[in-house]
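Quick heads-up: structures coming right below.
Note that chain A is present in both complexes that follow, paired respectively with chain B and with chain C.
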Partner chain A sequence: MKTPNELKYSKTHEWVRFISETEAEVGLTDYAQDALGDLVFVNLPEIDTTAAKEETICDVESVKAVSDVYAPLSGTVYEVNEELLDAPELINTDPYGAWLFRLNEISDADDLMDADAYAAFCETEAH
Partner chain B sequence: MKTLFERSVSGRHCTILPVCDVPECTPETRREKPLRLPELSETDISRHYTELAKQTFGVNDGFYPLGSCTMKYNPKVNEDAAAMEGFTEVHPTQKAAQGSLRLLKSAEQYLCEITGMDEMTFQPAAGAHGELTGLMLIKRYHEYNGHTERNKIIVPDSAHGTNPASSSMCGFTVINIPSSQDGCVDLDELRKAVGEDTAGLMLTNPNTLGIFDKNIKEITDIVHAAGGLCYYDGANLNAVMGIVRPGDMGFDCIHLNLHKSFSTPHGGGGPGSGPVGCKAFLSDYLPGERIVETDGKLAWCDRGEKSVGAVRGFHGNFLVVVKAFAYLLTLGRQGIPEVAKNAVLNANYLKHLLEKHYEVAKPGICMHEFVLTLENLKKETGVSAMDVAKALQDYGIHPPTMYFPLNVHEALMVEPTETESKETLDNAAEAFLDIYRTIKENPESLHDTPHKSPISRPDEVNAARHPKLRYHFDD
Partner chain C sequence: MTFKTPLYEEHVALDGRIVDFAGYFLPVQYPTGVIKEHMAVREKAGLFDVSHMGEVTFKGKDALANLNYILTNDYTNLKIGRVRYGEMCYEDGGCVDDLIVYRRGEEDFFVVVNASNRFKDVEWMKAHLKGEVEFEDVSDSYAEIALQGPLSGEILGKYTELPQKYYSFIDTEILGRKVMVSQTGYTGEYGFEIYCAPEDAPLIWRELLKDERVTPCGLGSRDTLRLEASMPLYGHEMDETISPLETGLDFGVKMNKDFIGRDAIAARHNRHRIGIRITGRGIAREHSDVFINDQLIGHTTSGTHCPYLKGAYAMALVNEAYEPGTKVEVDVRGRRIEGEVTALPFYKRER
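Up next, the complex of A and B:
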């Protein structure tokens, strides 16, 4: 399982890449895509949606189930990765490249985990 | 096998169609080219559908332990009753159809007695439709009492997926609460979740782990004390009907699945029926009309302005109610509790046979169903719950419910129902154990099961990503 060092992670298995001090992009972790299985549909948030930390922002569908995606931090959606609409499998093949949405005016990002802490967290989740 | 389009031969047709007696007209919206329908003889069509039927698997083919679906045998006498001319030829607006009205009224009374409710509607066409209807009652109730701030429905993590879905459809926000170690509702989590914004709680009891929640009265008390209402999902009523009543557990409204507990066809053999019952204080909010008796005469009567309005045309799937009523009369007051007792006995017997080799998610006595977890087995051998489910098909057994409930990993949820004999259960246990031996000796061989069914493993991912929803003509 990959957990790139430059990213931050949430307990609900989203990763966060900070683009600038006010902007960040969000995707699903390698652990999440592996647990979900082959993704077949991605329901992206609308532009200008207010993301509230730890609340549902959009959902993804795998062969197994539909799963909520939670906002790992607060902000406003200013861009979504429309490429995923036709190619949801990118989340499986390249989880850290396949960002879901980008937020600006970000806040509440303080308690996100670093790569080591997240890897340890996944270890406990698996048991 | 070929589709009807692939079997089609230009110019071929059935000779039995009568001459068209509808006058021809040419409206402006008429399609420019005729519809390309398959052209077949009656023989072709008959063989096509027989071929399709041969590729299916139903309760008449073999053991069907699909957890939480209660795939019990559907007695044929139900069909006889539903085929009676008085029921099939009646029109829904026919006021004088006293027999049909009496049947609906009696079915309502019997089902209210079984569930501890005061009134019931047969309008909802299935379980999830019943859930939505029940939640509409809860919403309407709070609105009429001036509590529009009550907009949250509490659902435990072991709930059927339809519960949060129905809540969202009804405009509620869903609060998911985790179960405690023993698989029941965590009372502390529930106490934390309730408040002035609580509209209600949705609960299945026994739950999807096959456990009767021992704190049920306390659970409904906590919700009521906070001002919320309690909704009972009747999916698992088969385990308790005639023994305990949701109404006595403290539930305010419920839905039943006549196509589960009351032996009407389920799945492709449907349609379903999801009657919603409630306590008297909610009855004015029920949809549709109520049947009122005056001097021995029954008639439909408007419920008034509080009603949520119709949720379906006329009186629901009436003939399904006829089948369920036939079942109720067949079993009677003695038979209904025996159903529950035998459903629980069968589940425990099969669980006992399987737990020698398979791990049970929650050990101990179960109700009508139990959940196996293959998490450790998968780690050791690479064989998943999916592999075992598929392998069972080669033994003529329908797979159990898989990967549900979500709080158990690699889950197989087994519900034998009361209509299976000891021999069937013994044979099923032998099949499970035979698969277990294969897991130990040759696990790789299970990854491409089943081998004997019309198709093996469909490409679900490709089917979901690139669905073919229509026939494409070559030209």
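Up next, the complex of A and C:
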């Protein structure tokens, strides 16, 4: 399982890449995509949606089930990855390239985990 | 209490994702993934552990009469070596289970039932036995392996003769082990089901997997395959509140004979099973309300993304037999998505 060092992670298995001091992009981790299985549909948030940390922001569907995606930090959605609408499988094949949405006016990012802490967290989840 | 099938260790060795299904530990998928497992069955061959299925036998002078009374179908003219589908109903026409009947002799029948209904079925069958019949639950004496897909005959044919007709079976041997092989399955594809002694199952399983054209498949693809082929599943398209005619299983219901539930089935036919292709964005799952122009017409019973057809499909139980092309809306977690009524089955293999 990959956990790139330059990213931050949430306990609900989203990753965060900080683009600037006020902007970040969010996706699902390698652990999440593996647990979900083959993804077949992504329901992206609308532009200007207010993301509240730890609350549902959008959802993804695997063959088996629908799963909520939680906002790992607060902010406002200013861009969504429309490429995923026709190619949700990119989340499986390239989880850290397949960002879901981008936020600006970000806050509440202090308690996100670094790569080592997240890898250790996944280890406990798996057992 | 959750049971392990005789192939449990094989699933673990193949890194299957194990879940508790109908009281059995079974793999929902292997690392291959549901979509590739599904496509393997449509294009090559997939191997399934279906040892959780229940098996019972009816033997004796009145075995046939018992089956004809307890089940909706008529087995009188079922030839030895052939298989026939049927439902078992309550007096009120609701469904106890659906099953398939193998005729092994004039007075010897082997019946395969759903794992989740096994104990309920056995109780129901026992309670309605009459005349000279020996009934036995032999579920624990059989493992069952399904090899499904266009190449399944060529692959299994390396080891044994094969039953040549759909819904026929033979007694034979694989690797020197006694087996019963039928040309049956639950994928909508050409394929075979192998019944063997539990202790012989790992040997046969491993041997078939030596052929690199064979992909081990889990419960996830078993469900997407049966839904894509529009085969009803107990607990979804059938249950104790749904009559077999409402499910659209007319071919398995013979009204010209006496059987439990007949009068009730004849008297009620208020609902119909239809197919829906989702044309909007999203996936309709089970228990979603279905509307036409804001009028609630029923609910979905199963739904998912169908990998071979590359789209979202659902089956629904609704108030009328709507024509294909009829526009509908399905409520998916508070959001209405568009769909249209589509003829069943969604997928039918070319013969």
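The criterion applied here is as follows: the second predicted complex is superposed on the first by the 127 of 127 C-alpha atoms of A that agree within 3 Å, B and C clash if a C-alpha of one lies under 4 Å from a C-alpha of the other, contacts with A are read in each partner's own complex, and residues count from 1 in each chain.
The rule is simple: contacts are C-beta pairs under 8 Å (C-beta built on N, C-alpha and C of every residue); 3 or more make two chains touch, one makes a residue touch a chain.
Because the structure is a prediction, the values reported are computed rather than measured.
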Report task. Could you figure out whether chain B or chain C reaches more residues of chain A? Result -> C
**Report entry** Which of chain B and chain C A:1 touches, first, second, both or neither
**Finding:** neither
Query raised in the report: For A:43, is the partner it touches chain B (first), chain C (second), both, or none of the two (neither)?
Result: second
Query - Common ground on chain A, meaning residues reached by chain C in one complex and by chain B in the other - result: 38, 40-41, 61, 63-65
Report task. Under the touch definition given earlier, write down the residues of chain C that touch chain A in their complex. Result -> 28-29, 33-36, 38, 220, 224, 281-283, 285, 304-305, 307, 312, 333
Report task. Under the touch definition given earlier, write down the residues of chain B that touch chain A in their complex. Result -> 161, 403, 406, 460-461, 464-465
Report summary line: So, in the complex, the side of chain A touching chain C is made of residues 37-38, 40-41, 43, 61-66, 85, 92
Report summary line: Listed in rising order, the residues of chain A that touch chain B in the complex are 38, 40-41, 61, 63-65, 88-89
